[in-house]
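Please find one structure pasted underneath; my questions will follow.
Naming follows writing order (A, B, C and D), and every chain is counted from residue 1.
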Amino acid sequence: MAGSIFGKNISVSTWGESHGKALGVVIDGFPAGMELCEEDIQKFLDRRKPGTSAATTSRKEDDLVEILSGVFEGKTTGTPISLMVKNTSQRSADYSEIAQYYRPGHADFGFDSKYGFRDYRGGGRSSGRETIGRVASGALCSKLLSQMGIEVCAFTKAIGDVEIDSKNFDKKAIYSTPTVMPDAEADKRAMELIAKCREEMDSIGGVIECRITGVPAGIGDPVFDKLDARLSAAVMSVGAVKAVEIGDGTKVSAFRGSENNDEFVVNENGAVSKKTNHSGGILGGMSDGSEIIVRAYVKPTPSIASTQSTINKSGENISVNIKGRHDPVVVPRAVVVVESMCALTLLDLMISNMSSRADYLIDFYK
Amino acid sequence: MAGSIFGKNISVSTWGESHGKALGVVIDGFPAGMELCEEDIQKFLDRRKPGTSAATTSRKEDDLVEILSGVFEGKTTGTPISLMVKNTSQRSADYSEIAQYYRPGHADFGFDSKYGFRDYRGGGRSSGRETIGRVASGALCSKLLSQMGIEVCAFTKAIGDVEIDSKNFDKKAIYSTPTVMPDAEADKRAMELIAKCREEMDSIGGVIECRITGVPAGIGDPVFDKLDARLSAAVMSVGAVKAVEIGDGTKVSAFRGSENNDEFVVNENGAVSKKTNHSGGILGGMSDGSEIIVRAYVKPTPSIASTQSTINKSGENISVNIKGRHDPVVVPRAVVVVESMCALTLLDLMISNMSSRADYLIDFYK
Amino acid sequence: MAGSIFGKNISVSTWGESHGKALGVVIDGFPAGMELCEEDIQKFLDRRKPGTSAATTSRKEDDLVEILSGVFEGKTTGTPISLMVKNTSQRSADYSEIAQYYRPGHADFGFDSKYGFRDYRGGGRSSGRETIGRVASGALCSKLLSQMGIEVCAFTKAIGDVEIDSKNFDKKAIYSTPTVMPDAEADKRAMELIAKCREEMDSIGGVIECRITGVPAGIGDPVFDKLDARLSAAVMSVGAVKAVEIGDGTKVSAFRGSENNDEFVVNENGAVSKKTNHSGGILGGMSDGSEIIVRAYVKPTPSIASTQSTINKSGENISVNIKGRHDPVVVPRAVVVVESMCALTLLDLMISNMSSRADYLIDFYK
Amino acid sequence: MAGSIFGKNISVSTWGESHGKALGVVIDGFPAGMELCEEDIQKFLDRRKPGTSAATTSRKEDDLVEILSGVFEGKTTGTPISLMVKNTSQRSADYSEIAQYYRPGHADFGFDSKYGFRDYRGGGRSSGRETIGRVASGALCSKLLSQMGIEVCAFTKAIGDVEIDSKNFDKKAIYSTPTVMPDAEADKRAMELIAKCREEMDSIGGVIECRITGVPAGIGDPVFDKLDARLSAAVMSVGAVKAVEIGDGTKVSAFRGSENNDEFVVNENGAVSKKTNHSGGILGGMSDGSEIIVRAYVKPTPSIASTQSTINKSGENISVNIKGRHDPVVVPRAVVVVESMCALTLLDLMISNMSSRADYLIDFYK
């Protein structure tokens, strides 16, 4: 069963392994007529590039995107958009040893169980490089959403126990810090924590938050294709994410109804809003007109240099030290991945709403 | 866009509103030859029935299921299974008033924004009764999974701040308490909390946990159709769920890699297991052979009797008191819904694995 | 794998067997706000009702449709529409014998090979009664298309060698003849042929044509989801259809390009048309603005009363005489089925076009 | 709506335009462990290469395929297989003129109507080069089917009025003639007809037949996903195909039931077969164990050098002479495309049957 295709109206089919010839994506169903150049995509890809600070691996990945199809005279044509990033900096020698055993915290054992063998070089299909296709697609969706007045904005909410207050902050500050935290002071403490982890041959987890403004009420379906259900699948499909929450999320389980309910209010101009936003902008599976808030909890990088026990392919218990250049924390590079998945999901569901009423069709074809 | 269909190999199409003639589901793609009678389904539906204790609404719903197609001589035929529950106890008079305004915490405003109007009787399509089709489908999937040695088991983990230790408990005790908590002492405290909420015309949230044993390693896909991504969508699609986590979930964001990684170990008989199960049985989107652990955080019932502010359809700010017979907590009745969604999702992905290797096909058609 | 669901934007999930309790359909994704009552659907179902003339079986089937969900205050709600027809006139005794053998020309052998057993009563899932769900769905789609200025109109083009000229005819005459041929003289000859077949305990095939007017250019996708590809699947999925053609169809294989190409022409008012319509309204998978013409070639009813050889379940060669009340020709009753499948397919693809351009989205959400 | 993805279990996502940088396909869901090298695919692509005889255009297209992902150590990994063919021989200058008008028999007008503009170079997405991704996918599917004892074999049945008897012929002779007709004498006459068309600045249509042997009974679903319905969509989605038939196809409309029914028979070894094969191997949507026979009727190449009338983008009636290097008949090059689509469709549905019975699942997971 195909498992690398995402989206119903816009279908994104990603491909590629960490150490293969290239990675990429085919985006089918993207509307025609949007201006698009490689730079639009490259600036998104650059946000997931490693090697730019002490927070990330020292591997160098240029990750230059090429548009292979679906764009003509500078505009999307409505037919499939094929995007490719060639692999250049892969050193396969680093990975020869791990072919023989199953790394703790990794998909290795699952791969062999499911497929009988695996491309063990750099994590193969389960590498963080798999997200290149997601981010490239997200760049397109974000651009179109932006033209519709919708801004999708993700950032690092926490690294380990260093957490920022995300109520008020300067969006432009997000990419000014190596941790992608829009808070210079917290960033400093987080960088110290990361340095400590690296020193101790260990890694650390964190939290990514995504906020979406400008979404009209009514996006999403009332039953299975709820906006929050689709966002959850999107965000949980990002490697290393172990929990997803909407709005007040896990906290609501201890709330009373009287404190959790957001009261609607109408202002003098007839604009509807809510006094609070515990719901995170989604009620009953549909957007309620408030800011949409999604949070992803990310586990620490499983590849750590300290000694671990595990088993090998011959069924023996062994000790291992994982070599290679690994991020001590995946959060900063995963921020743009979460943002991209949210953009994709939202745009896909917004298209569905164009045919939610009979009179929309009648008007369209008039 | 169709949004009430779930699953790829087994597709479940639910229908029905709270106060319509009936509710039901069509299950397409369910394998042939499994013994099935109405009683198999009824015992699942009875677990979501209200009116059985002070923890739930006093409304009486018989919810008797009828098999309309897809079963012949006591066995599934492989063709669509249509299941229906007729509505009998609906009192539409209770809801005439809410037609005019948007209840806080409900989907009313989203419905009108998306579709232009809504069936306001008892929540219409967004009623808890919508889950009848899910639970009926879950009954079938659980039965087949059970024949494959897989047990899907959900229970109430917490109501408000009353939480149980879910490491060790007697599965048979789950449905012995009105809160569906397998812990008589915690149940007693939770019932006191619920009584207090009811008295204060308020409601309370809670947590549902689902544990799945017997799943072989390798179920799920490495990228978008990750087992955890699909489980998240399934569980988040249940009304009132605001967060989903796998294994240690949100906690992993503060973990070090060295404490979060589960070490693999092989015993004398060659059986592979893990020393710990922080991963909740899923690594890189595929099952790792350990128990699968999913948790759903449920918001308090939005329908509360105390006074709230909101807006009406004419765009005026008003005060409302929501009448009708509402559960002060949805958790106990939602347990079987979460269990059903997990069963559906797992079975669907297990079918995909039957064609994950070329030699499986060659052997099958030999 | 689910195989009884049709359509992407509007998904139709049919269920039911010839001699089960009922048959029906769930229509998910149908736009909200269209007026709909049972009579709208009933008049379509009545067109496939048998027992009205010598051209059809003498079985009586009332086939009264019930709307179970998805309609509120006389309008579609945008949520799943569940439609059901109860079985009333089924005489299972007629079919006890055929349980033991595989009827020539029927799916019996395929069913047992695939599922291990089958519901043998009246053809079970492969009965012509399976089309009830299709026709009920088609009634909805045709109604909405009609409000968009599109008319889908099918009729009997031929029965055996009695063929009508379908260039010019009175659409209102279609249902005035028992053969559903809009040509009284041809109908008379066809009825004589049918009478002869019946007398000789034999059956006869025929041709159904569907013409669709008012479709704007550009509907359909350029590659796999071509309008003609989707129409082919739709029409070929109707039992007994063995060939599908668009426009001049099979004849084009002997044509020269110079005679097959339709030249575009613009009139004084700027309206684009074509001088000829060999293409049947579809070029490169997209509508070209001309009338769409689809033709289905239908095989003779396989259930015939004369003696045939076949095999039984014990693997023995036997002789059989199939009893029961069978149509000597399926064409007249299948006309509305083909029409319904074309309506469904077209409406589904017309919805896709609403998001074919970026500016459509931007305008819609302004 | 995505329209360039084909298949449910194995999903094929094609991309690329005639004059873009490259064309290709992503194949998701293909089973792991099959040996695969570029030569396996190249030999299929070479069968659609032009420039090899007077029957085809003199354009030179090398069409060398590269495997970019999904193959490791010479075997498919179970993850997406990305295949690419770079464009090398495209001369855009040839096409500058046609940007301004709508060619008769082409999709140009549909493209502009749907998307607002089009990539007019060489037909853009509607070029015959679009089939590269289909054929590359077909090569993989045919290889796996062959290992399961199934042979998919297409050939030219007719060019214009030159038709061969396809009952008995030497399969190895198919690619020995420029017309891909396994009949040297007919080939000679067809080549003369083609030469005549070319001389008269005209083109000609033809018929492709595909025969599939070794398919067990029961493949396909009884309702919408009938094997014949899916094959029709697959074959009709190939550009220029205007009719599809199964077995005796259009002829059955004039048949009596007694002559059309194929009688089942069992031989001494218990093997089931049919005395005749009017059904073309499919009954009630499922394979019946006999040879599957599919026929595609192909229109003449619409690009012809003789003068035609049409309209331009400014809405004026004009006369045009289409330049460029065009095949006088598309049939010989389309044979492998039809074969590929049939292979894809069949393999996809064969996977579905692996879960058609509950005991298959139970046995698989034992």
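What to note about this one:
Rule of thumb we're sticking to: contacts are C-beta pairs under 8 Å (C-beta built on N, C-alpha and C of every residue); 3 or more make two chains touch, one makes a residue touch a chain.
Note that the structure is predicted; figures quoted are calculated from it, not measured.
Any chain that touches chain C and also touches chain D is listed here: A, B. Note on interfaces A-C and A-B: more C-beta pairs are in contact across A-B.
Put simply, the C-alpha centre of chain B and that of chain C have 38 angstrom between them. A separation of 44 Å divides the Cα centre of chain A from that of chain C. Per-chain CA centroids place chain A at a distance of 26 Å from chain B. Contact with two or more other chains is made by residues 1-5, 8-9, 14, 29, 32-33, 78-79, 114-116, 125, 216, 222-223, 351, 355-357, 359 of chain D. Within the complex formed with chain C, the chain B residues making contact are 1-5, 7-11, 13-17, 20-24, 26, 28-29, 32-33, 66-70, 72-73, 75, 77-82, 84, 114-119, 124-125. Of all residues in chain C, those touching chain D in their complex are 1-6, 8-9, 14, 102, 104-107, 109-116, 125-126, 130, 158, 160-161, 197, 202-207, 216-226, 228-237, 239, 242-258, 260-266, 270, 272, 275, 279-280, 283-289, 297-304, 306, 308-311, 315-317, 349, 351-353, 355-357, 359.
Within the complex, the chain B residues that touch chain D are 8-9, 29, 31-34, 76, 78-79, 144, 147-149, 216, 222-223, 350-351, 354-362, 364-365.
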